[in-house]
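Next come two complexes built around chain A: one with chain B, the other with chain C.
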Partner chain A sequence: MQREKRAIPDDLFYDRNDFWIKVAEEAVIGLTDYGQGNIGDILYLELVPAGTVVRRGERCGSIESGKWVGSLLAPVSGMIVETNRDAEADPHMVNADPFGRGWLYRIEPADRNEIGLLMDSGAYQAWMEERICLEEKNSQGWID
Partner chain B sequence: MDLYDLGPVGWVESQSIYHALALLGREGLILCYPTTPYICLGLHDDLDYEIDRQYCRERGIPLLRRETGGGVVYLDNRQLFFQLVLRQDNPLVPLRRHRFYEKFLQPALSVYRDLGMAAELKPPADIAADGRKSSGNGSGDIGRCVAYVGNILLDFDFVTMSRALKAPDETYRRHLYRIMRANLITLTDCLAYPAEYSRLTTGLIAGFQRQLGDLTPREPDAELRETARRVGERLTSGEWLDLPGRRPAGRKVKIAEGLYLLAQESVGRGRKLTLVRDGVAEEVMAGDDEMELALPFRA
Partner chain C sequence: MDWRLVVDDGVTASFGLAADEALAARVGAGASLPTLRLYTYQSHCALIGRFQTVENEVRADYCKANNIPINRRPTGGGAIIMGADQLGVALTMPGRGEDTYSHARELMGLFSEGLVRGLNTLGVEARFRRKNDIEVNGKKLVGMGVYRAPSGGLLFHASMLVDLDIALMLRVLNTPFEKLSDKEMDTVAGRITTVRRETGSPITLDEMRLVIADGFGSAFDVNLISSDFTAEERAGIAKLEQEKYLREDWVYQTTAVPDRNGSAKIKTPAGLIDVRVTMAGSIIKAVFIGGDFFASENAVADLEASLRWHTSQPEKVAVAIEKIFQGRSAEFNGIQSKFLIEAVQKAIARARAAENPMRAEPYGCYVNPGGPYV
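Up next, the complex of A and B:
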């Protein structure tokens, strides 16, 4: 099987729900290239408004691709200080430019210790490859 | 894996039981059909954009919003539902969402083929026979599980579906009926004999067993029934139904994968209707077109 190359910038952190997190005074978060690729063409995005307080691992929005819907789960706890309304209006931005115009939220982190729970790019790369291998193994013999 | 071959169930239960299984973190396959008709919205549908509420009220057609994807559907006892709930960490669940359908539509495809129909997957989530949609499908993450739901159309009430959907005018509605009729196909259209529930479920169970291993027949227990009752109340509550959702500019109805009927207003030119197939305008119609085709009324 031909594997697509997925961008994993070195200056970001990652979680197991395929979010990237850029940490500065505030954190900017979005879906990774690999994450958006797994979801497929994103048709609808529902983001929570600025001012919402979210906790790590809890729902902070909803996403729909070709007949699948799922929740966005916050990678860190904190208060949403800005929601990317442009991406909400044109969800394809998340597919086309996941690390740029397709960002989702700016968050003021509530607990900096949570950053230590995230993966760096090397760990995320290894984890992603492990999942790809597992899926390739499990997908054998699907078609009747 | 547990198998709930439930046959006829109440209209709310035809959705609430799989939600309850997922919320309880229990895996299982459900086969059932609703005893009475209803309208089912997708999680992100906007009720006021999609549905003629007055028509539904007058006809006594109840509404429910499910937590899975896809659009508005009219459901009744001429559709057999298959609903699969798996934990998200089950290695059988593909990471790539479109592969979910590629995998779990195989049993339904086998059923159609066993009946002599040339059925194939129309990605991401339709089954098409002779180029016409014959099965609607959707999925969604519910709790820590993923639910995949689909149906086999034994027959379909095109009249009620086209009347229950909101239309900017009657011309749009008549085109909608015509286009749905031309692009959807049911077992009644194809078979010279009525398809029996047991034959369809036997085929589905055999297909799912090939993918999931042994299926153990079960009845819903008290915990599942109580959770389903509570979930059913939520899925049909006014507050839940009125949640805002997608509202494209102009009226846009998806008829099948890649097939949409659009109504657009243009200044000084009135309303224009466009049938778009796979991104290409296949047919353009004037909004005030005096169609000879009358939408049939039910007695």
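Up next, the complex of A and C:
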């Protein structure tokens, strides 16, 4: 099977739920190219409002693709300072431009030590490939 | 491996939905065992998908006047009516760490296989259709959805039409029809089917549960142990019911993605084609293809189903339509694919134009449109 090549920018961090994290004073969070491809065409996106304090691994939004509904889990703890309302109104942006216009939210990290728990691009690439192999091995013929 | 089998009947909308979500959360956290729940709702209730808007999907005035509760599912997809003749199937299983999206897709294959095997034992030639339907000869029999709880627990849900009062459904749900005549009724009846219609028998819900439970036992290679909710689970369900499913802010919430409708009529040598499209953002949510041309209802239903939850990009729409035409063009009885493509694309374009104000401001100060990433 021909696999689509997935972009993994070098200057971002990643977590195992397929979120990218751009770390500066604040952190910007989005879904990776592989993540959006895995989820499929995104129909709806709902993020918790700015001002919400979330802990790492906690729900900070919901997403629907086709009939799949899942929770978005925060890769780091902190206070959400802005959500991408354009992407909420047009979630296809996340599929079309996951590292650009399809960003999800900005968060003020509460504990910078959590950044150390994230993966760099090389580690995420290995993690992604491992999962692609697992998917191919376990495939029951379900192909989007 | 042992799973629990929980059977309950006549549940309220709020209890039924809270039980599914609460179990998914508990199973994901390891607090409850994987559970197959086969249940029915008190006749009748209207359940909309996770991100739908009540006013778009349901005739709320009719529901209020007829004591039909409206609620919102944790799973996605379209609005349905549920009651004593529609079997709810809820399977709750633990996720597999972070790898839950692909795991869920694998399990969805097995989940649909459990349902299909059960139906096959009744002689119903059911098959799974992407993304989440089970159909018989192109007619929808089961709608399915998947929800992942924050704990990682997975809920696979299906609503199986053992029987259906189509007239009631059309009174409860908003439809693309301007009026509800016998013709519209027949059109809907041509797109969906029921177990009783397919088997030609008055099969009971209890009989149905037996074959579906056997289907799951064989598809997943598990033993199903009859059980009931524990006291702790009932307390969790009651709490979630109070905090979420009995609250108007859950049921009547709105989404930032507006529904957009468009229609197009095209005269062709083989007759008039009348297409109505509903889009959620840039994805096709529903398509109705009517008119006065002659074609097999199965072929038209197949075409509509293939476009549901499909991208609205014109060239991809054309590919999807051509794919259906390959091998079954005779069933379209002289209607050429190019006319259907034109009509669907035109309806999509009109839906896009319906609510597409020009953006007057940039995307925000943190994003550089066209740049590689923020």
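Some points to look at:
One rule holds for everything that comes next: the second predicted complex is superposed on the first by the 139 of 144 C-alpha atoms of A that agree within 3 Å, B and C clash if a C-alpha of one lies under 4 Å from a C-alpha of the other, contacts with A are read in each partner's own complex, and residues count from 1 in each chain.
The definition used in the following text is that a contact is a pair of C-beta atoms (placed from the backbone, for glycine too) under 8 Å apart; a residue touches a chain by one contact, two chains touch by 3 or more.
On a predicted model such as this, the values are computed, not experimentally measured, just so you know.
Aligning the two structures on chain A places chain B and chain C in a clash.
Ranked by how many residues of chain A each touches, chain B and chain C are led by C. Residue contacts after overlaying the shared chain place A:Gly37 against chain B, while chain C stays out of touching range. When both complexes are overlaid on chain A, the residue A:Gly100 reaches chain C alone and has no touch with chain B. In the superposed model, A:Gly70 lies in contact with both chain B and chain C. In the superposed model, A:Arg16 lies in contact with chain C only, and not with chain B. Of the two partner chains, chain C is the only one touched by A:Glu82; chain B is not.
In the superposition on chain A, A:Glu25 makes contact with neither chain B nor chain C. Of the two partner chains, chain B and chain C are each touched by A:Glu135. In the superposition on chain A, the residues of chain A touched by chain B in one structure and by chain C in the other are 38-39, 43-44, 46, 62, 64, 66-71, 131, 134-135, 138-139, 142, 144. In the complex of the two chains, the chain C residues touching chain A come out as 49-51, 74-77, 97-102, 104-106, 108-110, 130-132, 143-150, 255-257, 280-283, 285, 309, 311, 363-364, 366-374.
For chain A in complex with chain B, the residues that touch the partner chain are 37-40, 43-44, 46, 62, 64-71, 131-132, 134-135, 138-139, 142-144.
For chain B in complex with chain A, the touching residues are 42-44, 67-70, 91-92, 94-103, 106, 109-110, 123-125, 137-141, 207, 210-211, 245-246. Chain contact summary for the complex, chain A toward chain C: residues 9, 12, 15-18, 22, 28, 30, 35, 38-39, 41, 43-46, 58-59, 62, 64, 66-71, 73, 82, 84-86, 88-92, 99-101, 103, 106, 131, 134-135, 138-142, 144.
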